[in-house]
């Protein structure tokens, strides 16, 4: 079996390779999404911490 | 016993325990997946009926299985969350939904891409196809409800309840479509004529299924950790952790 | 407890009767949507008849769906729902009262007007009676299951479309069997199987849905 | 009567209170104090069992309110920020349907008396939608008066009330206390009550 | 004035983007309703194809209808609408901004997903392109005309069904021409006539509907 | 500045007021008084042009407000019973979109100053839905402060505000008056203003 035959998939190349490509995309998206999500969560908590520090500082001033 | 479960299922405990597991799952998913693909694409023989197009099976079937499996995980852990008030279970459910939805999507798309060469149409209104489509909608409904409710705890419980009600519905849909299709009309579309599977096809299929499961395992851990961080964002353990970053 | 059921049912009916015009709305919506189809496609009589069971049932389903926010929305917005939840009576009974009122105000009128629409879509007589029976058994389930969905989404602003997303998948079995009963009947075949199925689903919904709704309401109130 | 043990409430990013304990005896009037956003409304909703607390217990006559539900709800009345008024029902019907939720059946005359007391005597057949914001709140006062509840839980009961309305609310609370009832309330507009009052202060904490 | 248009449009888009999931809801509703039909009737391909234009167009219409309360409901409930009416800018411009946002958020996605549904219902290719063009011209009209209806009914509680009654009759011409274009195209005939009509209606609606909506809003605010 | 001539308002069956005339000059503070249901809210909505009066005229700098619409709305700001807050926008975005309706473009820093003044300095990126009722009202105060309007029309501005909030509102009104602005307001909770105040009393009439 040579490579072009392999890629040709007996005439079903479009269907087979679209399927595999979509699968790859979905897998990558599933890996990337939680990483972004984690960054967002951490950024949000950091903002909350900063806000609370300001609030406590203000409260102590009064 | 009860106390032990409570402590063991605390988000803090989970967070510290889960980190090493992720790598185990991810790496074995990668290795097994690559080996399965190798066997599936290069070693497995051509199907005498379907030609090469059957190679879609190695992603279609594992994806379809996963979409069902993950829904069950989601519903069961929602039930645990509602009945025993275990927060970790809610987080697992919430973390599972997007993963399950993406597998359901994959199963649909790869199935449709397989249907065109096999049946001559991308889509037919068959019981299995319809219930898979509805399954995707159930996932989307879960996620929409989860994000529409502001109060996190209400969101968990509400969407959990929806997941449980959906479980009752899936078999009903499946059998009703099946019955409805066979009651009337001669079959207009080729049914799945289940090929008695060659062992060289079965092994890579099983390997791929295992790889998908392990992949899900890794993903759900990562996502659950995010949920834990988010939900416990004003607990001390999270604050200390964040300050260290 | 029976008194609580009865009082709440009466209150909801009275509220609806205060706005006579609104009372007819789901009905008019039903009729309007059904008539949209023959307008949209140029209907040869056989296509019309083939479409009829599906069109009528889908329209009935959508009419119930749109009327669902009658069920709890107002009570939630004005705080009455809080008062209901603080009632010493079991919440399930109160839910059942509200669902009964909802069915009397939307499901029942649909059942009554349906024969007319069947005629309009040139359904044969046997199919019309199958239509009536299937709606009679099916619409209460639509109200009962709908109640779960609304109670989960009342707190959400702009919940209308969200509600459909949640509820429509749950309605599908009813739709399939209801429409199928009419379809089969118009071929002159017996429909006991379908009606039995609908009856069984009704029994199931009647026993489980009020419970699920009560749980959902408690979740929603916890804001 | 009501006992609160180490309650904790978290909303979104904020810990509103934790380890909050207090109790309300018979004939006690308790004010929940705190600035905007300190969690008064959240606390009252938790006390009524409408909201789940993150931690802690609420006991009614020594038993948790969820296990003692029926007795608790038969003896407690809550009014919140929302008016609970149906625009399409008359004032009389509104009061009646509120009382129905408590399974109380009173005569028209009894309800008339309460409506007169809150200054709505000529409004009994006016539909709710034609009332001003203060008039709506007065219906709730009539409801509380007729509720036969031992414990009143009132969230900002003075909202939208005019001077006479405020005086009325004050006298109602005093009377209720003299009859042995208890009241938990919040307000930003100093109520002048001629009786002993305890108070709980909600402040701002950060983490658990 | 252009700045006012732009700011309001941006605000509405931002508000929608804050709830990503909600964004997709009209779309999902559309897909769900379209799938209900093949489930309800036993689908032989020719009946399916005969029904398709009507089913897709009616579903699109219902999806827009259900999403209409996005348009003013929230602004009315929280008082923002009052603030808009107290703006020194002409109310018509503000209305136009809100309608544009609404179309971008509901009409446009429907146009984009429609080919997929054509595929589900086994429509031929020419019919699919007619479907796209007719929806592209028709959905803005649905938003524009819908705005008049919502602005009259926002003040009414439980306006959902009332709204449909007011709006659906106005939608009928659009539906007839839109669905007919698809129908005709699937027989391989030209559809320029229908599309021209839809274009003319769009021009008309674009010039009159914002005015009518502004008047309706003034009436509504007078509470 | 604003002049009201023989206004009449009827709601449903009730005549709320008729032949009501008064005017508001520069640097004048006017309180509309009256008990619950006397028609204060209705009057204010008429003054803003949101509601049509049954009879009478409203003049802005001598011209009717409908013919002088643009100038009137550029110089008047109204806040009513409703909070005008979008739950999904942050506090900052909420203020900004309120200002957009008046075609004002301010810098973030300017808005920050106002938010600090009303006590929301640390909340600028919190979404509106996570605010308590008092915090929501404070956003409106910031809006009024930034609106650059000469005439403030405030319906129950003290609703839900705590003690500091009330003091803040009072000082804002004083400052505004000193800068030559005018205020029309209603309240049931005595505002303590150290300045001359005129008032209009709405009573109960029956027939015209």
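Letters A, B, C, D, E and F mark the chains as written, and numbering starts fresh at 1 in each.
As a convention for this text, a contact is a pair of C-beta atoms (placed from the backbone, for glycine too) under 8 Å apart; a residue touches a chain by one contact, two chains touch by 3 or more.
All values reported here derive from a predicted model rather than from experimental measurement.
Chemist: Please give the intersection of the contact partners of subunit B with those of subunit C.
Modeler: Shared contacts of subunit B and subunit C: D, E.
Chemist: Going by the contact definition above, tell me which chain pair has the most C-beta pairs touching.
Modeler: C-E
Chemist: Please tell me whether the contact surfaces of subunit D and subunit F are same or different in residue numbering, using the over-half criterion.
Modeler: same
Chemist: In terms of CA centroid distance, which chain is the most far removed from subunit F?
Modeler: Centre of mass proxy via C-alpha means gives B as farthest from subunit F.
Chemist: Determine the centre-to-centre distance between subunit B and subunit D, using the mean Cα coordinates as centres, and give it in whole Å.
Modeler: About 47 Å, centre to centre.
Chemist: Using mean CA coordinates as chain centres, what's the gap between subunit B and subunit F in Å?
Modeler: The computed centroid separation for subunit B versus subunit F comes out at 55 Å.
Chemist: Could you state the distance in Å from the CA-based centre of subunit E to that of subunit F?
Modeler: A distance of 36 Å separates the two centres.
Chemist: Between subunit D and subunit F, tell me the centre distance in angstrom, where each centre is the average of that chain's C-alpha atoms.
Modeler: 30
Chemist: Using the touch rule from the top of the page, what residues of subunit B touch 2 or more other chains?
Modeler: 137, 140, 144, 148, 150-151, 153, 177, 180, 184, 233-234, 239
Chemist: Counting only residues that touch at least 2 other chains, which ones in subunit C make the list?
Modeler: 74, 157, 162, 165, 168-169, 172, 176, 180, 183, 222-223, in rising order.
Chemist: Would you please write down the residue numbers of subunit D that are in contact with two or more other chains?
Modeler: Within subunit D, residues 11-13, 52, 81, 206 contact more than one other chain.
Chemist: Considering only the defined contacts, which subunit F positions touch subunit D in the complex?
Modeler: It is residues 11-12, 34-39, 41, 81, 126, 130-135, 138, 156, 158-166, 188-189 of subunit F that touch subunit D.
Chemist: Considering the complex alone, what residue numbers of subunit C touch subunit B?
Modeler: Going through subunit C, the ones touching subunit B are 148, 152-153, 155-156, 159, 162, 165-166, 168-170, 172-173, 176-177, 180, 183-184, 197, 201, 212, 215-216, 219-220, 222-223.
Chemist: Sort out for me which residues of subunit D touch subunit B in the complex.
Modeler: Per the touch definition, subunit D meets subunit B at residues 10-15, 52, 206-208.
Chemist: Note which residues of subunit A are touching subunit F in the complex, please.
Modeler: Counting only subunit A, the residues touching subunit F are 47, 51-52, 54-55, 58.
Chemist: If we count contacts the way the header does, which residues on subunit F are in touch with subunit E in the complex?
Modeler: Residues of subunit F touching subunit E: 45, 48-52, 69-71, 73-74, 76-78, 80-86, 88-89, 93, 97-98, 100-103, 127.
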